[in-house]
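In the two complexes that follow, chain A is the common piece, with chain B as its partner first and chain C second.
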Partner chain A sequence: MDKILNVQNLRTYFHTRAGIIKAVDDISFCIHDGEILGIVGESGSGKTVACHSLMGLIPQPSAKIESGSAIFDQTDLLKCTEKQLRRIRGKRISMIFQDPMTSLNPYMRIGTQLTEALKQHTDLRGKAATDQVITTLEEVGITEPEKRIRDYPHQFSGGMQQRVMIAMALITGPELLIADEPTTALDATLQKQILELIKKLQQTRKLSIIFISHDLNVIANITDRVLIMQKGKIVESGDTAEIFQKSKHRYTKKLLDAIPTGAKQHPISTKENQQTLLELSNISTYFPVYSEGMLLRKKSFLKAVDNISLSVKSGETLGIVGESGSGKSTLARSIMQLLRPRTGTVLFNGMELQALSEKSLRSARRDFQMIFQNPYASLNPRMTVFKILAEPLLKYKTANNNPVSEEVSQLLDKVGLEHYQSRKYPHELSGGQRQRVAIARAIAVRPKLIIADEPVSALDVTIQAQILELLLKLSQEYKLAMIFISHDLSVVRYMSDQVAVMHQGKIVETGETEKIFAHPQHSYTQSLLSAAHTPIWQTNTA
Partner chain B sequence: MTLFLLKRILQAIPVILIVTTVTFFLVRAAPGGPFDTERTVSEEVLNNLQSFYKLDQPVHIQYQDYLKNLFQGDLGPSFRYPNRTVNEIIADGLPVTFELGLYAIIFAVILGVVAGIIASLRPNTLQDHLPMSLTMIGICLPSFLLGPLLVLAFGIQLEWLPVSGWGYSPGDKILPVVTLGSAYAAYIARLSRAGMLEVLGQDFILTARAKGLPQWRIVTVHALRGGLLPVVSFLGPATAGLLAGSFVVETIFQIPGLGRFYVQAAFNRDYTMILGTTILFAGLIITLNLLSDFVTAWLDPKQGFVKK
Partner chain C sequence: MIRTYKSTLSGDTWVQLKKNKAAMLGLIILILMIVIAVFTPWLTPYSYETQNLALGASPPSMAHWMGTDVLGRDLMTRIMYGSRVSLMVGFVATIVALCIGVLWGALAGYLGGRADMIMMRIVDILYALPFTIFIILLMVIFGRSMLLMFAAIGAVEWLTMARIVRAQVQSIKQQAFIEAARTIGLSDLEIIRRHVIPNTLGPVIIYTTLTIPNVILLESFLSFLGLGIQPPNSSWGLLISYGVETMEEYPWLLIFPGITLSLALFSLNFLGDGLRDAMDPRISKN
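And then the complex of A and B:
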């Protein structure tokens, strides 16, 4: 096989006020004709910067390519002028990005955006160009492309937007496609569809693809060869199957081990006679949707949570899975009474939460705390870690009479942070450390129930594994009941005793985790489970 | 869309009514009256004047009469310029003020947007710092200082341009327009720089670059529409402020616009004149804000104006 692209000794450094950051530090790799090459690594490992360096897309002047060569069809991409590079970029090497929502221009019709690429690189104009746009959109699976070319990006769903992105990248008939986390922002079922589409197009068009992802499952499923990147260096490379089955480098092993696998270690069975802590009956939360009317607005409702009944026993973890928009977060907020449900009752520890006044609700909140998805946004940036942790302690005056500073130190110990970190502000901490602070804040007042809304989905796999371990440890230690919300089936399976599957505001199936995973009854659960691919290295080595 | 327009116009009616009412009673509550002068007028003359202008009637009757006339588009007679109605004075002055304001805003938009775009292309370099420092000066320099300075430089020293007037000699419109527009140009430059910087940092700009588009096309086709949204929303209030604030420039350059009448009316307690001009400017501000809201919505396809 011919090498379509050969990269040697690429170094890209960022020159910042704090000094030089070696984002890409002496990497060499090549990609063969018709091959899918995966680049895996955690955030900040340099995988995106490496690809942007090849395309001349790094932010200059702060980033600089220090050395290296990248031979593509006898030309060195790194030595091309901007003008020469523009003739290759988008014509012979195309890119697709992570978030199709923000990667398409919201102010332009998609037809215009696709035609633009054609006009830039080919002689097609007018009707011929439009026809080409329509056939390409058809190829990526957009129905009725003749009508849809007049639409704006926001009129498409996430999966359809990514299809449009792919069509835009392929319309000029490139030889190499760089796909930067193309499925990360999508739900499991959509992810599967997009991966299948990429694979199909790769075969029909004889494409070479560089596929960047942090998701080892995705990489294992789609790539032929894989590079593992850590801190700007390639630590291991080789055949995908080989790497995943007998990896040599310890970082690769660490990555593979970090993926939660199998069931919860010590599940609490339902038969044990426990007290029911939380009981939801027929909860519904609607959002009003207004459509323009002459003087009176017409009001209709979006049923975000639609007639849900659930119960959680003390000490037990209930996992809630579902795709984005299925109402998971709204359910969490309805339980917390951050949103007041329209109908139904929330019975917590014998108290009916809706019946409480604002004031008594505030004191009741001590027993149920929440951890949010994004630790970057959910911690007040103007409060130090100490203040964040001391606030609930002072507010609820916990029973023991230790000074607050001592309690904060204990909390930091519990979540595995150093004491000196209490003086820091959230922005000085890493994502994982921030989530530890968020967890410490939630357990500070010794609640009986914690609702964790996607607590690990913003984190890298190795950090995710640490946080999951921490949550498991704490829930056992404090006999915490937990509602664990995630779109990630393997994470939910690893964490929960019971699981509830949500779809369009309703719970379609609920029961013991292992039973559901082994014998899904509802068709939606079945499709969800089949979309989540089983990692090949597990099926083969087990 | 027509529904949106209709709704906004209906909303404007109570606003105008409140402005009218508040102004009506405030000017009457203020000490002094339209016929107080240095020379004392005899009781009899004063009474005659008052009854001629119906000022001797109870306030609520005056208010009713005023509203009734207002609905017919009649702003009443001026108290200080006998034989002239407020409508006539506005009809004379408004076109001049409009022309001045229009040129000034065009000047401000062209200069501001160009400067803002140039600055945003290379942030934190000389190409950014130079125009942005100039805008600071532009914002700080009041028009009553900038105007005379420009006159001194271009009118008296260099003798390139006439020092005053409006439409009497060629080029006499340039200095007033520059004086009035430069503060707004500076503000627009800062807004468009910030707007462009925000848009240029977004993912779809990276997509456009990855498509191999040249820089000028990325800036003009992909970034400009989103980047200038803040400028468009600012244009409504800016134009209104510009018209209402043209008084200083009109005085410096001896321009027969409406601004002078507006301010003099306040000094003269010319009740109907104050009311008339206030209502006019309130109407203008509402209309221009509506217009800029409308354009902003039209530029953003998510608001769904284009379809439906």
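And then the complex of A and C:
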């Protein structure tokens, strides 16, 4: 096989006021004709910067390519002028990006955008160009492309938008495609479809693809060869199946181990005589959709949470799983009384929460706390860690007479943070540390129930594993009941005693976690489970 | 320890501000100006109102460092006395506008819905009122007084502040840390005070430093209408507007008050920028 691209000793450094950051530090790799090469690594490992360096897309002058060569069809991409690069970029090497919604121009019809890409690089004009656009859209699985070229990006769903992006990348007939986390923003079922599409296109068009992802499952499923990157260096590379089954490098093993697998270690069986802590009956939360015009007239309702009944026993973890838009977060916020449900009752610890006055609800809040998805947004940027943790403590003047500073230190110990970190501001902490602070804030007032809304989805896989362990440890230690919300089936399975599957605002199935995973009854649950990839390195070695 | 919980923000801010040379220079100049304004009667041998028609308008000399005006009064003395009025109007009216505007905007933005609509329509109505007519109306009803001038300026300047703060609050309200504060069980007022307002400070400080010069110039307009101060008293705004009239014959009558005002504005801007950065932990680095 011929090498279509050969990268040698690529170094890209960022020159910042704080010093030099070696984003890409002496990497060499090549990609053969008709091969899918995966690049895996956690955020900040340099996988995106490496590919952007090849395409001349790095932010200059702060970033600089220090050395190296990248030979593509006898030309060195790193030595090309911007003008020469523009002739290659988008024509012979194309890219697809993570978020299709921000990569497409919202004010331009799909057809126009695709035609524009075509005009840049070919002589096709008018009818011929339109025909080319329509055939390409058909190829990526858009139905009735003749009509849809007149639509705007927002009229497409997320999966369809990503298909349009792929069509845009392929319309000029490139030889090499760089896909930067193309499925990360998509739900599991869509993700599977897009991966299948990419694989099919690669075969029919004899494409070479560089596939960047942080998701090991995705990489294992689609790539032929894989590079593992850490801190700007390639730590391991080789045949995908080989790497995943007998990885040699410590970091690769760490990555693989970090993926939650199997069931919860010490599940709480339902037979034990437990008290019901939280009881939801027929909860519905609707969002009014207003008609246009000055006078806000109510028109219709979006049924985000539609007649849900659930119960959580004390000390038990209930996992709620569902795709984006299924109403998981709305349900969490309805339970927390951040949104007032339209109908139904939330019975917590014998109290009917909606019936409480504002004031008594505020004091009742002590017993149920929440951990939010994005630790970058859930901490006030103008407060130090100390102040963030002291706030709930001072609010409830916890019964024992420990000084607040003492209590804060204990909390920091509990969540595995150093004492000196209490003086820091959130932006000075890493994502994992921030989520630890958010967890500490939630347990500060010793609640009985914690609702964790996608607490790890914004974190890297190794950090994710640490946070999950911490949550498990704390829930056992404090006999916490927990509602654990996630779109990730394996994470939910790892964390929960009971699981509820949510779809379009309704609970379609609920029961003991292992029973549901072994014998899903509802067709939606079945399709969810089949879309989730079984990690090949486990199925094969087991 | 509970004390540190309350006081770290102001302490940190001061430490950060001290590192910013431009801001400190601005602060020193402003303090100097205030000190001069307070002690003016003891600092100058001249009176601001005694005329010397024989002398008339004379260019800067050893006796009169900044020259004299057409009535032979020492310009420097008049600028110094003028700074008393201008600085007071500038600060007091701005603080009035700041307090009303921030509170009103924060409440409207935070409460949202119908309360927001009503509160902002009131702002719109006040916006639509022509300023001159509003002032004349006030004068007819209450007569002339300095207090009325503060009220008039404050009543106009807080409107923009309220709009700026409301827009800020609306975006901050969406952030998860506000929901987190609600789940802790804080009351709305505690949330507004501790979580919402501190995060609006950046734009507020910048707008404040822009408001003060606005107000200082507005005072001269009001004085022209007869609501502000009357000759022989002086203010920077008045001195500048007289200076403009005689610009061609006696340029120093415009130049010196102009320099004084500019110096104050530069100092304010530097201080404002410095304060904004010092209060934002994401910008200031230890």
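Throughout what follows, the second predicted complex is superposed on the first by the 535 of 542 C-alpha atoms of A that agree within 3 Å, B and C clash if a C-alpha of one lies under 4 Å from a C-alpha of the other, contacts with A are read in each partner's own complex, and residues count from 1 in each chain.
Just so it is clear, a residue touches a chain if its C-beta (ideal position, glycine included) is under 8 Å from a C-beta of that chain, and two chains touch if they have at least 3 such contacts.
Small disclaimer: the values here were computed from a predicted structure and weren't measured.
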| item | value |
| --- | --- |
| Overlay on chain A: chain C relative to chain B, clash or fit | fit |
| Which superposed partner A:154 touches (first chain B, second chain C, both, neither) | first |
| Contacts of A:94 with chain B and chain C, given as first, second, both or neither | first |
| First, second, both or neither for A:380, with chain B first and chain C second | second |
| Once both complexes are placed on the shared chain, angle at chain A toward chain B and chain C, C-alpha, multiple of 10 degrees | 30 |
| Which of chain B and chain C A:121 touches, first, second, both or neither | first |
| Touching partner for A:192 - first (chain B), second (chain C), both, neither | neither |
| Which superposed partner A:102 touches (first chain B, second chain C, both, neither) | first |
| Touching partner for A:57 - first (chain B), second (chain C), both, neither | first |
| Smallest separation of CA atoms, chain C relative to chain B, angstrom | 5 |
| Complex interface listing, chain C residues touching chain A | 1-2, 4-5, 8-9, 175-177, 179-187, 194-195, 198-199, 279-282 |
| Residues on chain B engaged by chain A in the complex (per definition of touch) | 3-4, 202-204, 206-214, 221-222, 225-226, 299-302, 306 |
| Partner chain B, residues of chain A touching it in the complex | 55, 57, 85-91, 94-95, 97, 99, 102-108, 116-117, 120-121, 152, 154, 165, 168, 292, 294 |
| Parts of chain A lying in touch with chain C, wherever the complex brings them together | 333, 336, 338, 362-366, 368-370, 372-374, 377-382, 384, 386-387, 390-392, 394-396, 403-405, 425, 427, 438, 441, 445 |
